[in-house]
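The letters A, B and C name the chains in turn, as written, and every chain counts its residues from 1.
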Amino acid sequence: MIKQQEISITTRGRGTYDMSDRVQEAVRASGIQTGICHAFIRHTSASLMLCENADPAVRHDLETFMARLVPDGDPMFTHDAEGPDDMPSHVRSVLTQSDLNLPISAGRCALGTWQGIFLWEHRSAGHERKILLTMSGE
Amino acid sequence: MIKQQEISITTRGRGTYDMSDRVQEAVRASGIQTGICHAFIRHTSASLMLCENADPAVRHDLETFMARLVPDGDPMFTHDAEGPDDMPSHVRSVLTQSDLNLPISAGRCALGTWQGIFLWEHRSAGHERKILLTMSGE
Amino acid sequence: MIKQQEISITTRGRGTYDMSDRVQEAVRASGIQTGICHAFIRHTSASLMLCENADPAVRHDLETFMARLVPDGDPMFTHDAEGPDDMPSHVRSVLTQSDLNLPISAGRCALGTWQGIFLWEHRSAGHERKILLTMSGE
């Protein structure tokens, strides 16, 4: 059995957005008990991420780390038509994930206790992000 | 339904190679309308990448970024039997992707408007790279 | 056909642990000839990695690289309740992979000659790590 569903998440600019409940709800609605839920973001300047879900400081520190590793406006970047965060958002996407595969067991994504599913917006401005979910299994 | 096909891409050394058409053609030939196309590179010194497909400056800047992050010939590396680009190519592979999962909708990979599928050769010399595609669905 | 199996790997602290044989054995036991083996680690401070499997210096150099890129005890990190390796282990996880998809051909994971499957423990102390394998195919 295969079910496909697109979900849309509107961001308010750079940062992380918990989408665990959205994904779990789609899995529940699919009726699949055992299988895989594939989440795919149809953009190259935002990521999908599994991350510690309890202490917001973890995601704050991830932003700090990325801002140091891939600084906005770094003069080495030539692709800056959309501003100083344009090329850094592509680099951040390449260093992280555009898609996630999540195992489905007993009708739910079998995440670990501390795992949450996050959309990571890399652009400074807010965007509407499309994520295509493909759930397959029995 | 599951279809498997190996494709081969001959690189001319470090850089990115657009393989979107090759993957879309394999998906079309599979006859699968809804499902997943999994692409897997059978090497540890080249990657598969989803990346902005319109402005080649994006991929140029990615090379510049990686050359700064993981410099060839960095004296911290001890594994250099095949030259100064040997260990950096393994690090680049680990920091990016060896496999991609692409959703299939209406018989095609449902990429975003600006998403292309690229092979990223990390070695200085050209290589023949084997990519195994596994397409499953209905 | 879908088969799911959890495996457990006990680590002795930071470093890489070859789990190729464990995964190949699970694939063999599943009886699946053609398909995908998905491996998912249910933690946010350890990774799954495809890496060169012949020269241990490669994995040694990867540790050296990561220790420089994401130093333990870096004062920029605020999340340090579990010690100086706490936040770095989350960053390392985000920069690498929490899940791998491996193609199954002729009843085995169709890895390249030099590809091994490793668990990468990022914490200083040993942990028991749970990996959920989902194998699907024919």
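Going forward, a residue touches a chain if its C-beta (ideal position, glycine included) is under 8 Å from a C-beta of that chain, and two chains touch if they have at least 3 such contacts.
Please read all numbers here as calculations on a predicted model, not as lab measurements.
Visitor: Starting from the defined contact criterion, work out which chains touch subunit A and subunit B both, please.
Guide: C
Visitor: Give a one-word verdict, same or different, on whether subunit A and subunit C use largely identical residue numbers at their interface, taking over half shared as same.
Guide: Copies use mostly different positions to touch.
Visitor: Averaging only over C-alpha atoms, locate the centres of subunit A and subunit C and give their separation in whole Å.
Guide: Computed from C-alpha means, the inter-chain centre distance equals 20 Å.
Visitor: In subunit A, which residues are in touch with two or more of the other chains?
Guide: Where subunit A meets two or more other chains at a single residue, that happens at 69, 95, 97, 101, 136.
Visitor: How about subunit B: which of its residues touch subunit C in the complex?
Guide: Residues 2, 4, 38, 40-45, 69-70, 76-79, 81, 87, 90-91, 93-95, 97-99, 101, 130, 132, 134, 136 of subunit B touch subunit C in their complex.
Visitor: Subunit A touches which residues of subunit B in the complex?
Guide: 34-36, 49-52, 55, 57-58, 60-62, 64-65, 68-69, 95-97, 100-105, 110-115, 136-138
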